[in-house]
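Letters A, B, C and D name the chains as they come in the text, with residue numbers starting at 1 for each one.
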Amino acid sequence: MISDDLYREIILEHYAHPRCKGKLEAPTFRQDGVNPTCGDAVTVELDVKDNRVVRAAFEGVGCSISLASASMLTSLIEGKTLDEVRELAATFKKRMLNRNDAEPCPEQLGELEALDGVRQYPVRVKCALLAWNTLLGALEEAL
Amino acid sequence: MISDDLYREIILEHYAHPRCKGKLEAPTFRQDGVNPTCGDAVTVELDVKDNRVVRAAFEGVGCSISLASASMLTSLIEGKTLDEVRELAATFKKRMLNRNDAEPCPEQLGELEALDGVRQYPVRVKCALLAWNTLLGALEEAL
Amino acid sequence: MSVKVELSRRSDFPLLENQPELVYLDSAATSLKPRSVLEAERSYYEECCANIHRGLYRMSEEATRRYEEARHSVARLIGASDPDCCIWTSGTTDAINLVAYTWGEQNILPGDPIVLTGLEHHSNLVPWQNLATRQQARLRWIEPRPDGTLELDNLDELLEGARLVAFTWVSNVFGSISPVQEICRRARAAGATVLLDAAQGVPHLPCAVEEMGCDFMAFSGHKMLGPTGTGMLWSRRELLEAMPPFRFGGDMIREVWRDRCTFNELPFKFEAGTPNIAGVLGMGAAADYLLDVGMANVRAHELDLLTYARECLGSLEGFELLGPPLDQHSGALSFVYRGIHPHDLATLLDRENICIRAGHHCCQPLMRRIGMSGTARASLSLYNIRADIDRLAVALEKASQVFKGVLF
Amino acid sequence: MSVKVELSRRSDFPLLENQPELVYLDSAATSLKPRSVLEAERSYYEECCANIHRGLYRMSEEATRRYEEARHSVARLIGASDPDCCIWTSGTTDAINLVAYTWGEQNILPGDPIVLTGLEHHSNLVPWQNLATRQQARLRWIEPRPDGTLELDNLDELLEGARLVAFTWVSNVFGSISPVQEICRRARAAGATVLLDAAQGVPHLPCAVEEMGCDFMAFSGHKMLGPTGTGMLWSRRELLEAMPPFRFGGDMIREVWRDRCTFNELPFKFEAGTPNIAGVLGMGAAADYLLDVGMANVRAHELDLLTYARECLGSLEGFELLGPPLDQHSGALSFVYRGIHPHDLATLLDRENICIRAGHHCCQPLMRRIGMSGTARASLSLYNIRADIDRLAVALEKASQVFKGVLF
């Protein structure tokens, strides 16, 4: 494995061994997302109790970036309140969409920092955001 | 009046004083023609007896070239058999459409020779031919 | 605008550089193009010639970025706050047909009145005529006066029950400017939807599309210094979202199955297939050019030329301007001169290297209405100068020599 | 074709001159343009920038002459004996929609079967899907095999009662060449009208449209070395004359009154409004360029490259070509490589200055059918050389390093 600005080890690690991949028994929320440009598709499922994500899972087909991002997402949000999840998603989207942001990655994003390199590949930003936009779709139902 | 390759005296003469302008009482053939590009319109009427043009007349709106050509046409064909008229029309069309024909104008065309200069103005060739194409339309009915 | 400014603008136009003797007075048919427009097309083809929206490599990304940036430029030019409401088309005609086939099919019902004006270009008439036939709707007419202004006294009557009012911002024959805001206000008050044919407006007048009161606005790139094969339809988001698509194919879809599909979001829903990418970049560059000059300056320059032309030509014997008062006048000067047929005039002026147009200007019903078979038309753009008018005046007098003794 | 010929052709393409390091393998999306095409557009804008058909001055006459000459050039390229049957459109998508809106509305009746193949690009699927919905017609499917060839065993069954058969000459995903003459013959024997999507055929293969047996043929300029925003619909005269017009407006009419109009003759009846004049001249120049090279030579060169590529890439570990046997193969090479997702491949190759495409290639139903979400596709044109294939092979191996230990 060579070191790479885009394909960081942690991304490939998530891609090869996704966390939280699969289906929940009876999810509180479930949302499908597609990237029509390229055909990537992801489904995000959430078990929510008392406004808190108890469990999250995803399934999908896609490139390493979109699947690694989905894997990180689901593992990061478990245990968080819906408000915290929304804030996390907003922070991550903002980070990804600002190519020229030279600030260090907000600590809150944790291992999502590994996706920083994607910002230099604008067409791939959509891949990194697919699961997140799908998550936000699911949360709209929660309002 | 200045001498001019396009606006020869004889053309302007026909334009100012058209021959055979008007309507026939009960024409054997009558045909309308328009040039959709520019809106010029002409009507050609023929009295035909024993396959011979006894009288011809035209009416119309248009530029000097199209009206002079109509005037020459009607005055030239009176007295000719339909076959002679068809041949005349064919000879004239051929002459007008061949910009590079350096041969002297066929004698048969008579004063139509004055329209020779139009060949150097391809968009105006349509003007010179309007009455003739209308005539040919009328003669199709005669078959 | 001073002569110095004029001249510096002229040197932006390669055709004028190549043919310094030419007087181009046919910009209402199509405008000349500044170097920056040609450069935008060239640099696409020579630097990032790739298809857009679907490419995963940098060259395609760059092409996509330029394509969307061009949309922003044109949006800025017309004062549209939402570039997603700015749909690329292949021209005004294409844009109007888009509306007729989509919004029209959905909203025009049997018996519905469609209000047009007697000034309309065939492109803003025949699509409605055809729609009216298909849907058994009725056409009603706002009548033009002989100077190209509109008779609005009976407008409220005409608007009763109207579903659509489609009219031109500026007449391509008379250069008369329609009272856009008034017509839009009264039409919308009467419950009608309004389409503005801005083909002759956008190139000449400051535009704030969201304040004019129309629901649709169509215009061409090639008349506003941009490339041929380009144009735009602007509309309001609610309308565009409610409309079915026009052309079907790549890019305008979201998901496709064998028996059905879902459509892409705005503006892509209306942009099926590979678009005129180079053309769009050129139209964007044209908008940037006009924004840089400033549309108020374009208008001021044009008013200066119109004033001069009306004076200078108006003093020729036998010259009759067909057109509105100066303050309602833009772009095109139609005229008759000493009874010389417009075709003959056009040919005689062409010999002096002056390009004007003659004929019905794609407005046959208007010509019938004013009882003419055609007019001679000189039309202006920002690269014209007073000297062009001088040349026209001299050439007209010279043309009159040919018909002296024949017509007068 | 010798290397010398190849290299001399490459220098005709300014983009390759400007970026000698670039390996462009996305010509199925859009091709690069030779200098003569850009020159045809430039010289129009800089020498005779005027609108066509209606002008009475020399510059407009010259523009009109070039416009019609371009039509003759493209007619020659496709072997059409009657240029009046060659209609300019803004692309393949526009041409197919034209047929769907005109011939389709008139001829497809409730219950009528429309036969498509499972290979079709969205542009030759969604218009028919939509027409079928509007007219309550039914779609039937010629099934593709996993290599992109078509299953014709049940063709006669599918053709029973069919009104229309619409299919692609060459698959933009697999590069598979359809047996055009056989399908056309059997379809017409069954009484069906045939539309051929030639978007990927005309740029690569010799074409004799009148001998292929189709009734309509649609293709794009931008995929055959021409400008964006151009395309053509060819059809037989009887069909075109019987069809209603598509877009309504200037130039497509003969006479217009307020309540009705008559239409212009072919080809103008289908060319409403100011066309993409510069683009058309460029597409004509592209046809001249291809005629000059000779389509048989284009095909021979491509076969040489395909042979080389299939050998060279086929020997890479984990490389799987998706495609037909060599003799049925043209243009596009789809492949999977070591389980690396096509997007990741495209990004990694882009870093090596190699442009390929990845995804569904506007063929979602086909992707579902073959059970993939997308493929990686390298596609060729006459300016590609064997060294491009070598570069691709090296870059693929380099890409595999990134995923070593992850995927394999």
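The criterion applied here is as follows: a contact is a pair of C-beta atoms (placed from the backbone, for glycine too) under 8 Å apart; a residue touches a chain by one contact, two chains touch by 3 or more.
Remember, predicted model here, so these are calculated numbers, not experimental data.
Undergrad: Starting at chain B, how many touching-chain steps does it take at least to reach chain D?
TA: Minimum step count, chain B to chain D: 1.
Undergrad: By the contact definition above, name the pair with the higher C-beta contact count: A-C or B-C.
TA: Output for the comparison: B-C.
Undergrad: Indicate the whole-number Å distance between the mean C-alpha point of chain A and the mean C-alpha point of chain C.
TA: Distance between chain centres: 47 Å.
Undergrad: Could you state the distance in Å from the CA-based centre of chain A to that of chain D?
TA: 38
Undergrad: Averaging over Cα atoms per chain, report the distance between chain A and chain B in Å.
TA: Once rounded, the distance between the two centres reads 80 Å.
Undergrad: At which residue positions does chain B touch at least two other chains?
TA: Counting only residues that touch two or more other chains, chain B contributes 37-38, 124.
Undergrad: On chain D, where are the residues touching two or more other chains?
TA: 54-56, 60, 253, 255, 343, 347, 358-359, 364
Undergrad: Once bound in the complex, which stretches of chain B touch chain C?
TA: Against chain C, the touching part of chain B is residues 1-2, 4, 6-7, 12-13, 15-16, 37-41, 61-65, 121, 124, 127.
Undergrad: Mind pulling up the chain C residues that touch chain D in the complex?
TA: By the definition above, chain C touches chain D via 14-15, 18-19, 22, 26, 29-30, 32-33, 38, 41-42, 45-47, 49-51, 54-60, 90-94, 96-97, 100-101, 118, 121-127, 129-130, 139, 141, 220, 222, 227-230, 246-253, 255-261, 272-279, 343, 346-347, 349-350, 354-359, 362, 364-365, 368.
Undergrad: Contact residues on chain A for chain C in the complex?
TA: Interface residues on chain A, with respect to chain C: 34, 36-38, 122-124.
Undergrad: What part of chain D is in contact with chain B in the complex they form?
TA: 53-56, 60-61, 65, 253-255, 264
Undergrad: Inside the complex, what are the residues of chain D that reach chain A?
TA: 341-344, 347, 358-360, 364, 367, 373-374, 401-407
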